[in-house]
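Take this structure, written in structure tokens, and hold onto it; I'll ask about it next.
Chains: A, B, C and D, in written order; residue numbering restarts at 1 for each.
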Amino acid sequence: MGMSAGGEDGHADTGRAEAFSDAVLAIIITLLVLDLRPPGGEPGGLLRGLLRQWPTYFAYVTSYVYVGVVWLNHKAMFRRIRSIDRGLHWANFGILFTTALLPFATAVLARAVEHGNRADERTAVGLYALVGALLCASWWAFFHYLSRHPHLTEEDVEETFFPTERTRASVGGVLYAVAGVLGCFVAVPIAMVIFLALPVFYGVTSNGLYALPSAVSRM
Amino acid sequence: MGMSAGGEDGHADTGRAEAFSDAVLAIIITLLVLDLRPPGGEPGGLLRGLLRQWPTYFAYVTSYVYVGVVWLNHKAMFRRIRSIDRGLHWANFGILFTTALLPFATAVLARAVEHGNRADERTAVGLYALVGALLCASWWAFFHYLSRHPHLTEEDVEETFFPTERTRASVGGVLYAVAGVLGCFVAVPIAMVIFLALPVFYGVTSNGLYALPSAVSRM
Amino acid sequence: MGMSAGGEDGHADTGRAEAFSDAVLAIIITLLVLDLRPPGGEPGGLLRGLLRQWPTYFAYVTSYVYVGVVWLNHKAMFRRIRSIDRGLHWANFGILFTTALLPFATAVLARAVEHGNRADERTAVGLYALVGALLCASWWAFFHYLSRHPHLTEEDVEETFFPTERTRASVGGVLYAVAGVLGCFVAVPIAMVIFLALPVFYGVTSNGLYALPSAVSRM
Amino acid sequence: MGMSAGGEDGHADTGRAEAFSDAVLAIIITLLVLDLRPPGGEPGGLLRGLLRQWPTYFAYVTSYVYVGVVWLNHKAMFRRIRSIDRGLHWANFGILFTTALLPFATAVLARAVEHGNRADERTAVGLYALVGALLCASWWAFFHYLSRHPHLTEEDVEETFFPTERTRASVGGVLYAVAGVLGCFVAVPIAMVIFLALPVFYGVTSNGLYALPSAVSRM
């Protein structure tokens, strides 16, 4: 399934792929809102019930920010794509698929911090690292495909752009793997710091590493 | 993350941001429909079960109207935007994020009025005021960003337009804070009246305060 | 809120209103799919469990067809609209709001037929008739607004088109009221027949009563 | 309802039908994500709880891939459609309707493999075969309609294209029926192999059987 159809399908417009991706990402970004519900319990216990849900709020915020970063990257990359073939569609499906796992991994982590013991925290950190690494792998495949099929990209995109982006994705994948190992075998907080730092890094560099210097200079 | 990317990304079209916002707001506006479910209970108890759900209906109506007002404002503002940079994307994400909290705050308030005691009502009023104030703060940030980056707006937008809108958002934020304090420490119904009045005010002035006289004259 | 903004906002494009409506209707049409879940129960009881859910399947089918009819009507009407002002936006919100109640009313009716007694069936028939009448009322308001604001419609729309559509909506509202009364006080099956007949009627005439003769001749 | 409106409605654009279909398919493709939730249970039991959910993950993956294939086919076919009349809208609604049943059938099958006995597995295999056959039948009706109404298709589409696609759908329907019979009366694993093979076949041939040779040569 992961092959290029080329030929007949070679120069489709990107409009429907973007519209479909927008709709899927809109659903994913609001998924954790579904977990925000009036807490049950005795009359008089509302405040305590609301406060006890703090990991749900935290999970909503972090997962929302992360999916926002994915959307910004998605938009920045599709601006550089002229046409989509079947292989690139499947690479795009891969990104949407792994992004859809983020709210789940975030909710599991938030719950483990609240209710679980040390073993649960290590499990949750491992799951989150796995999903993060899968997300990076799906971006890697996307960039790799575009590096190998330059006829799909806009003409003003530099030849080195997508290979560089592919490296950015590799680095992310390695860092998630390291965070997972450190979190499971050394200390959970180290993993947490890496988890929070990575989307910030990807958010700042959503126009590619090339844009980093100018982005930093504008901070 | 909250910085202007400028440069390379500076003059993107607004199409995808609008499509994404439409999808997110469509999900938010229908969120409380998910709470409308056939009531359980004994055969013969359907009518009583349906009537007992009245706070859910009330929450659906008010949250629907409020999100409708947000959508109208969103559309009216994006008509005045020529291009979006990363900072404005994050300001837009902020509006969608806080709007997504409205159905939750509304459901908590509806439930507190039905099941809770006085303490619960004060808590729920405080939560609703907090979400309302956050929503105003996110619009404030959006208008502030546009005031500072006039190159992002359409050329026929008057220079004073977005500063005036920013003031409109400030007033809303202050009123939500006042409503929250009055509701928590004086009387819950006062807060309720302010809560119902504010979206009506924003609905009537969705084209900006400038449009108010003509809007009123047409009522 | 139900007033024309006119002036500044008078000639907005209809693109975002259509995109937003499409997204909302897409959510509504799939709402009852969320109720299709693997039945719980003992090993070996799957077939019985699946068959016992038949009212859920029936509700999904009928609600899906009805929302499909609403979408076709919505599309057929928006083809005749040139620009939207605030009043028409609220009329459109009204249609989306009442359509979103259809899956709820359908699920209540399906459940009452399965689990309820005669009193429950009458209640459910009354609720469904109420929602159907509200849906007709929202279309009535939409057509009334367009009859009074002909500058919002495309130039090739005949002057009598929207008044005729308004009549079509009135007839539907009356029939739902009659069905509700007959169902509550005479016999539930009579109401059911009217409930099933009305969307078929609206589906066949989704291009307006004018198109009826040619539609029938093509059946 | 399944008739051609022709005449007045005959040459509508396909934009809204595609946007609506994209939104519905985006909801369907993410439906099984809603089943990915932090497992409950005692502190320390997270890892076991997560592993025990494997049929849910498997169901998410397979249903996601299948809906992805449907989307690709949908996009490939709509590229060949010039205008839509009412009959084709209903054929399209039929495809979306049956596709929306896929996550349900997949979840039932996954659950039967995990929790059920042999009778449950046969039931679930029968349900999945039924939904698969319905999906093929809805595509068959879609292609049949286009074969009979060539004025709706783009001019460069070969006359034999849609009849050939119709045959492709017939073959799928027969194979699902065979898989259902074999799975219910002979052996469940045979049916499973056919279930997994069919979306792969449709994915590879999403540009039609004509495109198969070139697609295979590129694998």
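In this text, contacts are C-beta pairs under 8 Å (C-beta built on N, C-alpha and C of every residue); 3 or more make two chains touch, one makes a residue touch a chain.
All values derive from a computational prediction rather than experimental measurement.
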Can you name the chain that lies farthest from chain B, using the mean of each chain's Cα atoms as its centre? D
Counting residue numbers used by both copies over all numbers at the interface, does the chain A-chain D contact come out same (over half shared) or different (under half)? different
Distance between the CA centroids of chain B and chain D (whole Å) is 38
Can you work out the whole-Å distance between the CA centroids of chain B and chain C? 27
Among the residues of chain D, pick out those that touch two or more other chains and give their numbers. 19, 23, 26-27, 34
Which of the residues in chain D come into contact with chain A in the complex? 18-19, 22-23, 25-27, 29-30, 33-34, 36-38, 43-47, 50, 64-65, 68, 71-72, 75-76, 79, 200, 203-204, 206-207, 211, 214-215, 218-219
Complex contacts: residues of chain D adjacent to chain C: 1, 3-9, 12, 16, 19-20, 23-24, 26-28, 31, 34, 86, 89-90, 93, 96-97, 100-101, 103-104, 107-108, 111-112, 115-117, 119-120, 123-124, 127
